[in-house]
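So, here come the structures, one by one.
One chain, chain A, links the two complexes that follow: it is found with chain B in the first and with chain C in the second.
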Partner chain A sequence: MSLLRVDNISKSFGGLKAIQNVSISIRPGEIVGLIGPNGAGKTTFFNCITGIYKPDAGTVMFGDYEQEITGLVSYMISWRGMARTFQNIRLFANMSVLENVIVGAHKHIRSSLVDLLFPSKRSYADEMKFVRRAHELLEFFGIDRYANDLASSIPYGSQRRLELARALACEPKLLLLDEPAAGMNPQEKQDLLEHISEIRRQGISILIVEHDMKVIMPLSDKVVVLDHGEKIAEGRPEEIQKNPLVIEAYLGKQ
Partner chain B sequence: MELFVQQLINGLTIGTIYALIALGYTMVYGIIQLINFAHGEVFMVGAYIGLTAITFFGFVSGSTLPMAMLYLAVMLLISMAGSGLLGIVIDQIAYRPIRNSPRLVALISAIGVSFVLQNAVMLIYGPQDQGVPQIVPDIHFIFGDVTITLMQIMILAVSLVLMVFLNFLVQHTQLGRAMRATSQDHKMARLVGINVNWIISLTFFIGSAMAAVGGVLFGLYYHTVNFHDGYLAGLKAFTAAVLGGIGNIPGAMVGGVLIGLAEGLGAGYISSEWKNVFAFVILVLILLFKPTGLFGERVADRA
Partner chain C sequence: MIKKQGLGSGVQGPGRKYLFFWPLAFGLFLILPLIDHSAYHQDVLVTAGIYILLALGLNMIVGYAGLLNLGYAAFFGIGAYTCAGLNLAWHIPFWLALPVAVVVTGFFGFLVGLPVLRVKGDYLAIVTLGFGEIVRIVFNNLDPITGGPNGLLGIEHPVIFYPVFNPSLIWKRFDFGVSSFPYYYLVFFCVILVAYFSLRLDRSRIGRAWIAVREDEVAAGCMGIPVPQVKLLAFGVGSSIAGIAGSIFAAKQGTITPDSFDFILSVMILAMVVLGGMGSVPGVILGGLVLSILPELLREFSIYRMLIFGLVMILMMIFRPQGFLGNVRRKYELTTR
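Then we have the complex of A and B:
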């Protein structure tokens, strides 16, 4: 039984085959690393799963009952329990740190026009619950002191953490991380490893794209390698490190 | 001094109406970076819907104040609902199919919608001015040489309540957060689970409903409506939105009031024949010297 099952998806842009027949499956609670040289199609793969692109072929199944989500609009996929972060930070820059997290919990907040025009105790209590939850998440990532600052005004490392906090706010079953350690110093990377391990302990599955093997190898239960849009290897981290095809893709033929 | 205070009151009254219309321009621009040039027509249609509603319910002049308030409320609600839906329909028909086209395409589409609405209203109601019954009793409060009418007080009160409500909605509710998130980054908004198309429709609804309130109040204030009232009022409200910094909601409110004041004081001290010139002089001056408007910071990198 898998939480995410991707079968043979392909996506081309004009003549460029960005990904071809890639399959992957993730079990509940698993961390899967996705690696590959630049241009291997990792981000395109993410975009196909999260509904930003519609794959040309193949299927994506997601959730406890393996429902098909291929080509759904991204907000619907988000509602089913998938959240992601970006390689380049995409916070809501003109909103406060706290609001960024609350907006992340959008699908859980009942805020219909009726609730708005006739504010009930229940909708107020709901709102308070999410404010508390948002503070908890900010505390978890050690950035609660910035809660009322503008998201664009806090330090880079904290912005990265805020992206994670926002993604977790919707209580996802699967978290997709696109190069979460990019631009981080060794200490920040260490903190990130601990945060990710803690997120996994809460039962959330993670698919992570990362160049830094010091991040990928200790975390991943399984590593998938893409090269030129195709899957060239899949296996346990220690097997992948020895795989001649992978070494060739990264270093070229000897 | 009396003239000054009197023109201040008159300017403030018409200024809050411009502000109500300007909100629609600025909200729609904030969400999809489109100048909805059909918005002035939505204001005009709002006035006609209000008039039709009141005719339908058979209003008789000279009712008591509570009855008048009830009629006004009915007029406003029906007009808001009708115009709000019209706003959504305009977006669906004229803008959504060309969402990813160059801006000029949407602009031309907007002008087309504008012609359609003007001519539709002209065909239905005729080209002549339509009289609007005196619903709010014609009561004058006189302080020395300064007069303020009950209608003016009503306009100020209704506008103020709506603007406070709108500000609260945008700043302090989840719906408002979703709107602000959408205005900054559609793709990311979708990824956190926001139904962006729904938010865009809702923005059109709210903006158009605000314009409808402006239209109803405008009709009651001047006692007539005409199918091309929307053109001039729309352009002035657009000026107000630019003055405040387009995309900025409090900016549109302040901009509207400032345009109204400039018009009132200009009419009082220079000449009322020149009334319509002042707003556009301001438009030219802002575009020359501060194109981002008073509170805006975004036009420069987007325009």
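Then we have the complex of A and C:
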């Protein structure tokens, strides 16, 4: 029984085969690391799962009943319980930090155009519930003091955390992190490790793309290695570190 | 490139300490026609009010949702022709024709939105520009319904009935007629209503979704915002506001012709939104007021009028590209913790 099961998906851009026949499965509560040299197709893989790209072939099954989500558009996939962050931060720059998080809760907030003309106690209470929830998430990541600043004005490391907070506001079952530690200093990376462990303790499964082995190795239950768009290895972190194919992909042949 | 400009000057921008200004402005405009009896001034202000309504509607599409629309005058026209047509064909009174016109205009906004979902940015501007021209040409050539270039004549003015006890209850009839005075209050009320609606939108789930789509469509989709629906809603709701403006325009003028809804008007409304500050409701109101009064003030310069007008706009965009009042994200006050 798996939360996410990807079977043999492929995606090409013109003549470039970005990913070929990649399969992966994630069980509930698991953290899976996805590694590979630059250009191995990790981000393309993410985009195929989250509906930004349509895979050319293969299937993606997701959720408690393993429903097929291949080729659905991104908001539908998000509604099924998948949230993600981006390698190059994609915040809503001209919104406040707090609003960024509240946007993540979009589908959970009930309010209609009628509520706008005739504000009711119920819609106000509903809205405030999510404002509070957003503050809690910001507090969890230690960036609540920026709540009313513009998202583009806060420090880089905090922007990365804000992306995480926003993704968590979607209340996902599976969280996809695309290089969450990129550009962070060692202390920030340490904090990130603790945050990710805490997120897992809340029962959320995580698929994480990362270059930094100090992040991947202690976190992951399983590591998948991509190279030139193909899966070359899969296994426990300590096995992967010794795998000759992986060493070759990263360092070249001896 | 219009999209990225005119936005954001901090969450609690400098506008906050001038908050007392708005009730003051409200009070002033509420009593203005009672003090200033000049028919010319009142007429200019009614026109300004109609422009402000249009600017507020376009602000939802361009300012909030970031969808560049160069054919907004078409929706103004659809609103005006719907209201006028209903009145002339079936003698439907203004007060019933107005909501119908709003719904019809919103529906057309929705229809234009459908093909437009596939195009973005500059291409979207061209598609909406094309739509605007098509609508004007249809008005010009669909003689049996729209009266062609002569337009529709003899539209009834709004009529209200009010009770008088003299000594028993009688309902007295009041015709809005041709004087600007009653229209002033009608427009004033509509502006307040639409401004209130816009402000509520700005910090509601729907408004946030529009702004998120404007800021980053891909990220918005991944955060569970149904991007196509949200864009269609922006087009529909934003356009329906033009239905209000169009109805009032038709009822006040008594006559409408296709050339009242040309491309220049679309550009003027867009200029009001950009000049005032995209996404900022007070800014857009100010922009609409300035751009409709300025040409009147410059009348004494006769032929140089539009030259000065253009120059003012150029200087404004160089020295204050975010508009009079850039969009300021307001702070969320937590009242019940």
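Annotations for the structure displayed:
By our rule, the second predicted complex is superposed on the first by the 254 of 254 C-alpha atoms of A that agree within 3 Å, B and C clash if a C-alpha of one lies under 4 Å from a C-alpha of the other, contacts with A are read in each partner's own complex, and residues count from 1 in each chain.
Rule of thumb we're sticking to: a contact is a pair of C-beta atoms (placed from the backbone, for glycine too) under 8 Å apart; a residue touches a chain by one contact, two chains touch by 3 or more.
What you see is a predicted model, and the numbers here were worked out from it, not measured in a lab.
After superposition onto chain A, the partners chain B and chain C occupy overlapping space and clash.
Touch criterion met: A:75 reaches chain B and chain C at once.
In the superposed model, A:95 lies in contact with both chain B and chain C. Between chain B and chain C, the partner in contact with more residues of chain A is C. Once chain A of one complex is fitted onto chain A of the other, the partner contacts of A:221 are absent, as it touches neither chain B nor chain C. In the superposition on chain A, A:188 contacts neither chain B nor chain C. In the superposed model, A:212 lies in contact with neither chain B nor chain C. Legend: residue contacts after superposition of the two complexes on their common chain; A:148 is shown touching chain C, with no touch to chain B. In the superposed pair of complexes, A:109 makes contact with chain B and with chain C alike. When the two complexes are laid over each other on chain A, chain A has residues 50-52, 73-75, 78-79, 83-84, 86, 90, 92-95, 99, 102-104, 106-107, 109, 111, 113, 116, 127, 166, 169-170 in contact with both chain B and chain C.
Interface residues of chain A facing chain C in the complex, by the touch rule stated above, are 50-52, 73-75, 78-79, 83-84, 86, 90-96, 98-99, 102-104, 106-107, 109, 111, 113, 115-117, 119, 125, 127-128, 131-132, 135, 147-150, 152-153, 166-167, 169-170. Residues of chain B touching chain A in their complex: 169, 173-175, 177-178, 180-181, 184-185, 187-196. By the touch criterion stated above, chain A contacts chain B in their complex at residues 50-52, 73-75, 78-79, 83-84, 86, 90, 92-95, 99, 102-104, 106-107, 109, 111, 113, 116, 127, 166, 169-170. Taken together, the chain C residues at the contact with chain A in this complex read 7-8, 10-12, 197, 200-201, 204-206, 208-209, 211-212, 215-216, 218-227, 237, 327, 329, 331-332, 334-337.
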